[in-house]
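Sharing a structure below in structure tokens format, with a few things to ask.
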Amino acid sequence: MDFDGASYSIDEVLPGAHVDEESYARLTVEAASAADLERLLDNLREAGAVPVVDADAVTQPAPGDGVLPEDFYATTNYVTEVRIGGVWRRVENPEMDCAIVIDAALPRTVAPSDVRGGDAIVVGHTGVKVDRPQRSRRRAVFEFMSSTVSSEKPKEQLIVEVARELRRTLQDGKRVVVVGGPAIVHTGAARYLAELIREGYVNALFAGNALALHDIEAQLFGTSLGVRLSDAFPVEEGHSHHLRAVNRIRALGGIKNAMLQGILRGGIMYEAYKADIPVVLAGSIRDDGPLPEVITDVIEAQRAMREWVPQIGMAIMVCTLLHSIAVGNLLPASCKTICVDINPASVTKLTDRGSTQTIGLVMDAAGFLRELRQALHGEAPAP
Amino acid sequence: MDFDGASYSIDEVLPGAHVDEESYARLTVEAASAADLERLLDNLREAGAVPVVDADAVTQPAPGDGVLPEDFYATTNYVTEVRIGGVWRRVENPEMDCAIVIDAALPRTVAPSDVRGGDAIVVGHTGVKVDRPQRSRRRAVFEFMSSTVSSEKPKEQLIVEVARELRRTLQDGKRVVVVGGPAIVHTGAARYLAELIREGYVNALFAGNALALHDIEAQLFGTSLGVRLSDAFPVEEGHSHHLRAVNRIRALGGIKNAMLQGILRGGIMYEAYKADIPVVLAGSIRDDGPLPEVITDVIEAQRAMREWVPQIGMAIMVCTLLHSIAVGNLLPASCKTICVDINPASVTKLTDRGSTQTIGLVMDAAGFLRELRQALHGEAPAP
Amino acid sequence: MDFDGASYSIDEVLPGAHVDEESYARLTVEAASAADLERLLDNLREAGAVPVVDADAVTQPAPGDGVLPEDFYATTNYVTEVRIGGVWRRVENPEMDCAIVIDAALPRTVAPSDVRGGDAIVVGHTGVKVDRPQRSRRRAVFEFMSSTVSSEKPKEQLIVEVARELRRTLQDGKRVVVVGGPAIVHTGAARYLAELIREGYVNALFAGNALALHDIEAQLFGTSLGVRLSDAFPVEEGHSHHLRAVNRIRALGGIKNAMLQGILRGGIMYEAYKADIPVVLAGSIRDDGPLPEVITDVIEAQRAMREWVPQIGMAIMVCTLLHSIAVGNLLPASCKTICVDINPASVTKLTDRGSTQTIGLVMDAAGFLRELRQALHGEAPAP
Amino acid sequence: MDFDGASYSIDEVLPGAHVDEESYARLTVEAASAADLERLLDNLREAGAVPVVDADAVTQPAPGDGVLPEDFYATTNYVTEVRIGGVWRRVENPEMDCAIVIDAALPRTVAPSDVRGGDAIVVGHTGVKVDRPQRSRRRAVFEFMSSTVSSEKPKEQLIVEVARELRRTLQDGKRVVVVGGPAIVHTGAARYLAELIREGYVNALFAGNALALHDIEAQLFGTSLGVRLSDAFPVEEGHSHHLRAVNRIRALGGIKNAMLQGILRGGIMYEAYKADIPVVLAGSIRDDGPLPEVITDVIEAQRAMREWVPQIGMAIMVCTLLHSIAVGNLLPASCKTICVDINPASVTKLTDRGSTQTIGLVMDAAGFLRELRQALHGEAPAP
């Protein structure tokens, strides 16, 4: 922030005299113009300051379907409260880059494409309060790790922590979602993910056509993108295996049918459909086929994922920048997130999104999933 | 290839005695089983050998919409001929990972999702001939460069070659398509691309919501993802600029309307719609908004791009792995392709697709587009 | 920091009432043990707190050549003061990871390998004060940029800022050093660096055998690692050019001799020796040859560079992680540093070293040097 | 190769009529000039052709110490033979980028810096024959893998192959050298490497100061670069641990002494000195300290490594581009080499050096070493 004309005076400071007490300060701020003052106040509000006098949130009707008022309040993914009729109400489903609609005196986020003409949309910052997470004095692993992405860190103990947090998430009655890319299959790690699903450690799966397709190719042909998984050699005519796999599944009317008819008898998709967990396969412009279960309209796919977001307590994102960013956009800041990719730039992009609940691990999919499985099985890392 | 039981004898060799003569050889091959022999013959056919006795292509009817016969012939992106009624017919629109349908005694590729029940689909390899490009003895820049991707290469002269090839493509009456990602805008290179479109050097644009959105954000707010383009500083409230930009365009009924109404007065999208060149904006699962012109169904988006493919003579892919792979899948091997990305892994992934007509450049978007513009303007690189 | 048993009380707070006034606070701290208290005080001192009662620095004699007392104070690269005889004395040559020796009542840093038995080495934190840079309220470009490394930033304007800062450095009578790797030559940018040296913009050069060797190869053979710089094609027998180049220079008795005898007539090394600027070529384990001017003992090479450090006001590090880290270790935090590399991980590694005076640019050497040259020549970026 | 004026005629072709017979062909070649012809013949010789009439190698005396005749033959790392007195003699120690000296009628490579004035140095290509490896018809894993570097490959089975090859190397009485960087320690993998040394699977170690220093830091302080290895948290004052570690070892007179005196009781360096295997620590310009065992003169360090090269049958290069390139330069092409790095560009750089005996694995050090250990212990990858 940069406020040239602004000045302040400190009227009162009551520091918490001890380490566990809150501090209090009252300031008077001045700015060069009314507009500057409003901008300054908005900033202070975002930083957690509470105006001595506050007011209800202001709304304007959406001018049309999928169109917001010009000055709509753009949401963060933090816990947000809106003052309605003098009462602070918590926004139920915090999601970044949305608007807030007030509906029956209650605030909720709405994606721009889902707004309806006439919806009461919050405009400006008045009557909106964001609870940015305070850095706690004792750092937990999720808080510490979010700051730095490096391939040169000891990861075994971190994965043990992730396993612990994963169990805690399930005990809290929340879902653990894996957001995965096809490298899981290419690197030979599909069996680990399949096992984690079968054992109930992973109970939601968001992915694209490619993960599902290569998983099925591996089941039907023993290859992934034509490379034999047992010895990493490319197979004669293997480049067409994924095309034949998708064709066979299309002929059978879908992955689930292929499972029910006993054609598909193992792998990630088999376990996911067998366990009947939420599965969202979102389409992408480079898809072959695609598989019948893939939602080819991307806005529909966003809606399908959004439906499950409230149940998700932990997201494990493995080797897919595209789907990970998409899912990350939907999750509240409070959702614990683990990003695994062999490309540090991808991990940085994913972890550098304002959340203090994100761990980035620069490593290969197979190594991560194998170690996570070991940690969940209570096998100590090698001596 | 690995043929354990196979053996061969060379019956006759007539080498071209001089450097410019063809060579001829006749071989007898044997294999352990009929299946092995068929597999061996398929391979030899793919390598360019012509059976002493050949036969027409065999077809089977597609069992349903979007479903191919199990043994369908999976296409490459090379020039392909199919023998129909004793005559070799060229497949009009070579595209990889498709099937071949014979329609009115002529062969054409068909995407799996576009096949109709009953279509006559080529099965097996019989009667199909692929003209893999021969390595010419004198290497052209496109052939040489395809072999190696390195950030440590002199690029100025290469870009001069690209400029030359680009002019040649336009002179041949073909289109030059740019497939671009938002980094073009983030790095401040939008003005170079806008200029290339305005001047007619680029006459097709395939991209996603993000490129268009940040281009428009830059026009309306002077920022890209909230970063001021004039000095690279993040702007107060800038993180919501792209949301406000998309909302404004949605309120106006689309990018083209915004241009016609004088709200959008410059930039990539403005120039593209003003020049009335083919524009395809394909949706992706991480899109904000999206802009009204974006095709949110990815299979529809593929179809929209495929329609323009026959007119394209050169594809310049800049900083988008997703869209570049998607477009690369649609193009014939003969299409000259330039892949520019700062991430060597992306460039390798794009160039490592069997084409001998691909140049990979590991560099930033702004540097590439500025130099390409200079080269097209006939400005020599600095002394 | 994590102090379990520690507690504090705030005795007095006198906040500066306005934006331009200093604040004052007096705290009482307690810890569980004397050791914890000492550790806590050390931390507060490092953070800028001044004990109400302070004492002189304590020294112990170095037990031998190249050996420090166990508890030696390990330096940062910030401005550091040492209390000697009740007076705070500034350490003349701040350098990280060194010790402080008190010599004739004045403190200076000493590299572990240069300490002599009996030297008076500062131990513990008592009597040592570090002036960590305050974040100024108005951010300068060097401060802002240090926080984020991204390939997706607009760079032209930043390079204009770098050019401005470079001129300022020269006006202040300080040297601008380029620390460069061979990619400068491979990417065809040697002529830009040569020009910057010739024109006096760069007046020190720290590099390795490879930069010098490929620069000379380019002058003698027109190639760099066997790749012809005019068209990027590999040249027949080119792989041995660098070996023949080094051999020719060795036969002539060195680079300078080759210049004086008219054999070497252009390029980076020619301009550097002609301008008689400080040149340090440090050896590395992978060197071919090496050239006679290369200092093959790495500790000697560190000493040779350290000698010039006090004159350096700006360091431009281009495409060499090895030499950049080495030089970065020697520079004070106040030295303005620009790190250019096409690999984001290298840039992150270089900029993530505690300095607020570092700019990281993810781009190719040729693009950077060409734009820097343009900016210094006052040529505006293209319209 | 590009020979404009050249032409050829095929005089005779005797193809091996069956798959296991050699073929024979006799050609007459012509060129535009004597120089072109010589160049053409050189190329054909390199490709394996044998002139119908051949001659002895030609030598010239080295004009001085460290200086070769202008036209010296620059070596490859392939098996090379030199014709001396009508007899083809094999060069004992093939090493790339060297010269060949004929000494007592026997040829050996000599590094440019080790040549003595008057040495008989082979010039030109006459009488020099290089046996480039033929691609065998049945591909072994080392041959296949050399072609492609990708992070998206199944690695478990490959590592099982590496383990098998490693055992074979030891059975053949050759040494397995690990060339390692400090990331081995940072990622918590030191214990795996230490174990491999203790169990005799690794019996030579080439590294730098950093690997040794952080290994010792981990032993003395439990940290690596100040990060606690047990939980990945940075430790108070941890940034000076490596300085204190190196100081302590310097005080004790070296790593070996520290081991003998019971101060150093575990880790990589402890096991290496305890097992008394060849250890070469090569200095680098960015070294802290360095440790007394480090050879600070890089040419001396090359000599120290070169001494052990003839005993090495397999090189495992883990997370150090600098040392890996240095060692790779010294090894013959026949030496099996495994390159492990999380950065694909590093792996590409290492594997792209003409050897058919190199496997590149894009993964983290800890994952690789843990899996290699498992494979050597005969533990099957997880079910």
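When the chains are written out, they are named A, B, C and D in that same order, and each has its own residue count from 1.
Note that in this section a residue touches a chain if its C-beta (ideal position, glycine included) is under 8 Å from a C-beta of that chain, and two chains touch if they have at least 3 such contacts.
Bear in mind the structure is a predicted one, so any value in this text is a computation, not a measurement.
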**Request:** Please state whether B-C or A-C has more C-beta contact pairs across its interface.
**Result:** B-C
**Request:** Averaging each chain's C-alpha atoms to get its centre, pick out the one most distant from chain C.
**Result:** B
**Request:** Indicate the whole-number Å distance between the mean C-alpha point of chain C and the mean C-alpha point of chain D.
**Result:** 32
**Complete:** Taking each chain's centre as the mean of its CA atoms, chain B sits from chain C at a distance in Å of 44
**Item:** Whole-Å separation of chain centres (CA-atom averages), chain A against chain C
**Value:** 39
**Prompt:** Residue numbers in chain C touching 2 or more other chains?
**Reply:** 2, 139, 151, 343-345
**Message:** Residue numbers of chain B touching chain A in their complex, please.
**Reply:** 1-2, 39, 42-43, 63-64, 66-68, 70, 72, 74, 97, 112-113, 208, 236-237, 239-240, 243-244, 246-248, 250-251, 282-290, 296-302, 322-323, 325-326, 329, 343, 345
**Item:** Residues of chain B that touch chain C when the two form their complex
**Value:** 139, 141, 144-145, 151-158, 161, 182-183, 186-188, 191-192, 224, 227, 229-233, 342-344, 362-364, 366-367, 370, 373-374, 382-383
**Prompt:** Can you list the residues on chain B that touch chain D in the complex?
**Reply:** 2, 6-10, 13, 15, 17-19, 138-139, 151, 344-345, 348
